[in-house]
């Protein structure tokens, strides 16, 4: 299935959408396709909105943002996000804000189909005042009060991964973020992979499988689909792009120009990769580990 | 460190002890050493007490058993356990009983240092009546009542694993059970491995590490330490032994004879392996998977 | 070809499974039934074991649900927290198999104790994952041989809830799953009355009379107006069971 | 050898770490400080990043806490649920590094908004993992350059609690960790008054006067009776920082 078809079928106006991946495996390809298909009124959820949500906010896809850290690591701000929140242009953006632990708990509860997740957190912070959905529960054993966050069950979650088989049995290594929790918490799941592999490859190392095919609705093959984010063992993070985003994001006209050229101006990921040019410089070195014995 | 030293230092009379491993990687070596050192009044916790706890109960180590399924899979009963519970000889044994999910939740809460774990469970069953520690909590968002189990934080947990480095960075593949949760929930952790490996082996495939050395107090090398349980990629489960346990366990004299010969009658695991004889028949076939690339 | 009751039980259980379904498998007959279904009408059945093996394709008949043959070549191995939270409680399990020492009129199952909990005549293994499977699996199939001790009017202890627990229904208790939809015995199949959840006779095995069934049941068994016929094991089913799946008669002893 | 304030800040932070400790590392100066400590007095420091890398040994200066160089050759990579529950909430993190746009008299840190939350003058990134690190790490070290905007008497928003929040102490709020034990600035070190948790001047950098410090602080700064002396960066420390750890001056720009 092509990413165009997968997004057309599974991402709808008004949906609560999660494109996860903590620095690693952020599916920019899916974000760009959602922008191209001009989805609207989305509730975008991610721990770190990152450049991809900054672009989707600038493109007018988002009605609301649910997050825990909205910056451009080491490089600056997400200015489209800031303009919306600081009332300096752009459509208004509703915020629902947690800490990383809070977002992790929300997706853990969603994956377990529990209505809340307990944690020791938030006492003494102003976060519960800013977000009334952060509540408390009393322990039935000790009587102490613990913080709670509500379950997050997205309409659709998009997970980028190194590889999967045709049934969506998905293997990820390197940073795992909350990809597994997000997939299990979601009503629909799109997996986008660098490589489609034979089921035998998956079955040869079942402990590497993070998401089983029974939880996946669509599998899409999109090499370089995470650029400028990275895929361990496939390509490095394009740090120059992240640093270069600061001036682009700061200037609405430049941002519009970027979208016109690299998102609206290309038909698909293949054209995007061609237009970026020279991505081969990011190709990963070989640091292949040894296998383990599954025999008995 | 030898297993004798590790048990002498970390397992004390009256302790709450977890020797985990779901069918896979059950550390019989540690159970036998605890019996040899004549530990008393232990609270033994495991989802499946299995033969190892049947032996420890017969040897008089246990005051209490916390569990969710006490049988000899496919082969029969744990008769030392049954004699104690049915009042047919042997010291009395206090029971605290859950389902598997309940025990998993108890260790998950322990690992997260939360006082309880919520779940949708137990409604309509007689388990809460049999175990008042199964309680309920009201969801602060939906108002629904969920079942809870209390955290389990053992004094000492013993984890058997395929391999670890000298610092206790431990890698496991095949069935994972609740080994990670049990280790993080415990005050002290002994890791017993088939193979001690160089730190470089661990660092070559960090996604395989289930327990970090920072959570481990002692590392012991004990090949065949899980027999008659198994170690994926090292040796198969000794199903004949499990089937043969039924008549032994059924007859207190035979059980005593077994302990005299295979536990008290040997100084350590090496002598046990020699006395068992022919364990090579269980050695695993080679089904080595391919490695993955950690380069960037 | 002649066949044993156990062989027909495995066939009836296998026929209950639809291709592509996600099944929580137990050891013994349930495992045989699932592998029989995979070998016949349900090649894409997904076998999940509570030990954490997903999409297992055991090369040998597993003696325990933690057998290494369930891991080798499986699609995924995950921890038990994922099994119970992200798969079972999440609602991903479509069929669960259950058995027990006692099954009562309402499909409640006892695998905990015969007699009083605190002074048991017989201490049974306990729940394992059965309590949560009975609550969360979209539907369950119960397998047990008929006899009055195994089918009392009321179980001594409810380990796995059926359709009516101390008078309360699954809906009243807010249980996600549909509960036991079929009880497969060695003589007949029982199914819950859609009205009140009471187990009633729904199908007789070839050559079995209702009285033979009643003889193995501790309450006066009602029956459906129209009883289904149960087809005898086909030659293909028998060949698979005897020559491929359980050649050493581990679970199919006559 | 002459040195920059940033270089001394990295050295002071590094000296705060003891060998073998488990440290929750941030990007920038904290990362430099940890790797400087590993290269000098604390070779067995365990670096943990909230992204899930445990025992990381980055071959290059990571630009983000999710850099692939933190994964390659690390001791363990785990999901973020394990990071926050089994490591941080579990109490395994001995030192956490924090920074922020605003740090107040009580060591409270604001990384959320300047101005009103709902109508911010400046929207900052938010908590990330800072709130829970401030609550759970056994102790935290705060790194920030001095200036009145960065050190107001009261932060606009408490993202990460310090020693006194709306009058309530950490103990009253039942926080496991000890909170900020040192605030490392470019001119001096501040530490909490053991009595009331108020940040006071505890050490001056070579050649800095108390007035220069006060000039960068928005409340009247009390000082310890005996101020500690801060040793200048050694030649070895400077060599490591300049030639090995940050050769491209990514974080040590003068």
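Here are a few things to note about the model shown:
Order as written gives the chain letters A, B, C and D; numbering starts at 1 within each chain.
Throughout what follows, a contact is a pair of C-beta atoms (placed from the backbone, for glycine too) under 8 Å apart; a residue touches a chain by one contact, two chains touch by 3 or more.
Everything numeric in this text was worked out from a predicted model, so none of it was measured.
In terms of C-beta pairs in contact, the better-connected of the chain pairs A-C and B-C is B-C.
Each chain gets one centre point, the mean of its Cα atoms, and the points for chain C and chain D are 58 Å apart.
Once the centre of each chain is set as its mean CA position, chain A and chain C turn out to be 40 Å apart.
Separation between the centroids of chain B and chain C, computed from CA atoms only, is 28 Å.
Chain A and chain B, compared by their mean Cα positions, are separated by 37 Å. Looking at chain A, residues 112-114, 119-120, 144, 173-174, 176, 180-181, 204, 207, 230, 232, 236-237, 284, 287, 294-296 sit in touch with two or more other chains.
Shown for chain C are the residues in touch with two or more other chains, namely 53, 68, 71-72, 77-78, 85, 89. Every pair of chains meeting the touch criterion is listed here: A-B, A-C, A-D, B-C, B-D. Those residues of chain C that touch chain A in the complex are listed here as 22, 46, 53-55, 57, 68-69, 71-78, 82, 85-86, 89-92. Taken in their complex, chain C has these residues touching chain B: 27-28, 50-53, 63-68, 71-72, 77-81, 84-85, 88-89, 112, 117, 119-132, 135-136, 157-161, 165, 168, 170, 173-176.
Across the complex, chain C is touched by residues 111-114, 167, 169, 180-181, 184, 199, 202-204, 206-207, 209, 212-215, 294-296 of chain A. The touching residues of chain B, when paired with chain A in their complex, are 112-116, 118-120, 133, 135-142, 144, 146, 148, 150, 162, 173-174, 176, 201, 204-205, 207-208, 230, 232-237, 284-296.
Within the complex formed with chain C, the residues of chain B that make contact are 22-24, 47-48, 67-71, 73-75, 77, 81-82, 85-87, 97-101, 104-105, 108, 119-127, 129-130, 144, 173-178, 180-181, 230, 232, 236-237, 239, 242, 284, 287.
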